[in-house]
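Here the chain labels run A, B and C in written order, and each chain numbers its own residues starting at 1.
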Amino acid sequence: MSGKAAGSVLLAALLAVPFVVQSEFWLSFWLLVLMFAFLGQSWNVLGGYGGQFSFGHALFFGGGAFGTAILQVRHGINAYLAGAIAITLTAMVGALLGYLVFRYRLRGAYFALVTLAFAEVARVLIASFEYTGGGFGMLVPLARGAANFQFDDRRIFYLIAWTLVAGGCLIALWLENSRFGAQLIAVRENEDGAQALGVDPVRTKVLAIALSAAMAATVGVFYVQNFLFVDSQIAFGPGMSIEALLVAIIGGVGTAFGPLIGAVVLHALGELAKQITGNAPGLNLVLYGLLLIAALRFLPSGFVSAFGRRPKASPGAVDA
Amino acid sequence: MLGGLLVPAVINGLALGAIYALTALGLTLIYGVLHIINFAHGSLLMLALYAALFLYTLGGVDPYVAILVLMPAFFAAGYVLQRLVIQPAWHGRDENVLLVTLGLAIVIDNLALWLWTSTTRSIDSRYAFEVVDLGVAFIPIAKLVGFFGALAFGALLWALMTFTDLGKAIRAVAREREGARLVGVRVEHIYAMTFGIGTAMVAAAACLLLPTFYVTPQVGYAFVLVAFTTVVLGGMGSFPGALFAGLLLGVVEALCGLYLGESLGQIGIFVVFILMVLFRPTGLFGARA
Amino acid sequence: MLEVRDLRKRFGGLSAVDGASLDVAEGEIVALIGPNGAGKTTLFASISGFVRPDAGAVRFLGADIAGVAPHLICARGLARTFQIVQPFEKLSVRENIAVGAHLHRPARREALAHAEAVACRVGLERRLDQPAASLTVAARKRLELAKALATDPKLLLLDEVMAGLNPTEVDEVVAVIRAIRADGVTVLLTEHVMQAVVSLAERVYVLANGRIIAQGTTTSVTSDAAVIEAYLGRGAAERLRSRREVRHAP
């Protein structure tokens, strides 16, 4: 079975969850998996297809989360409008950051560290001002109703999350079969080579980071509507950035269903680790880290590659 | 009012900055040779802090004496980690190495959290409260030792790289990996040696830092971020750059802490970093993009 | 079609191109030859936008393109290949060529179809689904040519596309380039393989130390004293002539 077939089957199976699973706990668990799958897909657009490894994707998640929370709480703006504004603004922030960095052709380690630094600055700044909730975070007032994007029934959130993930996979498939995607991948593989063929590398990467930021911000908005709470550590902390890239990399970078598979595998194993270690603080993450190391060693192309052929080219054959 | 605090703040900043510099020297060495960002660098610093702490509390070993034990121990640990964990995950892809070190950081940090909980610990060595009068300010002796100790280890590393055969081999690998292999340098061995030396620097930094600092399982993360910043600011792979940038960032942090409040101290570091990335992306001392 | 006037480029203290001028008319195959380090690659890079010249003019189809970004120059119809080939390693041959084809073909299907057609023109039709990373040196050179060709250029700059090929392979590529010209594409090439230069180029420019020291037909240029000196060192022409005279002496 190919990675795409396995991913499609998995996606279809996940649609059944809210109709089969009765326990609130497991519904929340799978909801979280879907959220992180989409977050991973947002990272994958830039990191997998674009080859730009962000270590600060929390910046975009947090931009969406705090954007919508601030607009709703401080300015009384409707949840849908607030969400749309937050996503748009975050995409613009992403584009600006991308322009500043890509203009100098900074990439690789530099890009990773710059995004990390921006996320850290955001984390500290957000925690420092009353307007942004300070150290306590922001609570969105409870006002159930479709008009406020708040649903009593968690299954509705689940179905929205599933739709997002399915949309994310479609975005990835579109990248694999479109001019923009071909140009983005070409820039990833060889920037000079792409530019010699008429591809504008800066424009291509800026569009990719804007798309990626908008997707991550969407997860942030969704998170706030679901939990009605966010603080700067959750939103901008390194945990969120690491989650975004791990899900994509463990699943398989630059593959349409990699982030989904990665999110399922990681969280299933994380949950398993929790059950085994009996909630001893940290121990489940130890197991998580060991798993990551093992995965990199034995499945360097991600779990997608566990599903038969995905050869494109042997990594390592091309070392400058 | 703040004027009177300015000089002590700068001196304190220099003292902390020297530790930043020493930590960053290890990181920049590893980057310069292996071209990887070692995410576990801060976690190894945290481990070394705990090791020094327990040597003191359980064995009564002075942190400065502990350097003699911990540097070889951490060198060996670094060598083994590179050989057995990092190298096998390479598969010719640099991002894999970066992620393996990230995995290592997660494992080490959370193991520490599980073993030692998140309690903040520190030692009260006999010289913790001894100060010297520098004329313009009083400064704890331990900070003075930390400052000059860090510079001394920096000098030692420089001497090692400049005068020994090992140093020459490391520089050869850094410049021309395949060429070095052709003239008989065992590249994998040199990689592991480099990683070991970088890790030994972290152990030295921890021992110099412990008397005036504290340790929690999370302390590594804060340090690794600053160390990254130092390395990039100094120009990736540059020794004098890392030294200068470390001192600069120590002072920037101290001054931001003084004027903006303790919690915003590190903001200054990232603002400096971002400004540098925007206006001088190759770093203060770097020539390579 | 292409006019280069008094182009200059220095790197640090070194003058790579020092006032070079050349012309290429529509439909020609022109070669740029010269010893190693003469500045050929820098001159190509300056024309194609990868290096910003310090002074001088580059006019392509009447418009000044000196200092214009490479992708914009390519969009105007001036495509180049690299001496050190720049394939997209993990992509298949078809996908590689499609990147070039996309320049004027937004639709994926069209770009892939065009890629296939171009692959046939350069003799890569049997490797369409092979990843670029697995190609031989000769096939990589052809891929480099195909990618540039897929952008529908009016002028094609070929930087040593035949270096490293064996004589049979050179002959094949020579035939491919002739066919490309026959389809209406003008060609400016640098080449070390003289077999190719002689059989392809109608006109030759010789670059040495960043300057054009000779131009003309291949036969006139290869007997030029300055050219021989540039290749073989100062006084070489003199020595050659005297040796010839000695031989001809009774």
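Note that a contact is a pair of C-beta atoms (placed from the backbone, for glycine too) under 8 Å apart; a residue touches a chain by one contact, two chains touch by 3 or more.
Quantities reported herein were computed from a predicted structural model and do not represent experimental measurements.
Relative to subunit B, the chain whose mean Cα position lies farthest away is C. Among the chains, the centre nearest to the mean of all shown protein C-alpha atoms is found for A.
Here the chain pair with the top count of touching C-beta pairs is A-B.
Our note on geometry: subunit A versus subunit C, Cα centroid distance of 44 Å, whole angstroms.
Each chain gets one centre point, the mean of its Cα atoms, and the points for subunit B and subunit C are 50 Å apart.
For this pair, subunit A with subunit B, the centres built from the Cα atoms lie 31 Å apart.
Residue positions 317-318 of subunit A each touch two or more of the other chains. By the touch rule above, subunit C contacts subunit A in their complex via residues 48, 50, 69-72, 74-75, 79-82, 86-92, 95, 98-100, 102-103, 105-108, 111, 131-134, 147-148, 150-151.
Of all the residues in subunit A, the ones that touch subunit C in their complex are 177-179, 182-183, 185-186, 189-190, 192-201, 311-314, 317-318.
Considering their complex, residues 31, 37, 85, 88-96, 98-100, 102-107, 109-114, 117-118, 217, 221, 225, 228-229, 232, 236, 263-264, 266-267, 270-271, 273-274, 277-278, 281, 289 of subunit B touch subunit A. Partner subunit B is touched in their complex by these residues of subunit A: 53, 100-101, 104-106, 108-110, 112-114, 116-118, 120-121, 124-125, 127-128, 238, 242, 245-246, 249, 280-283, 285-286, 288-290, 292-293, 296-297, 300, 315-319.
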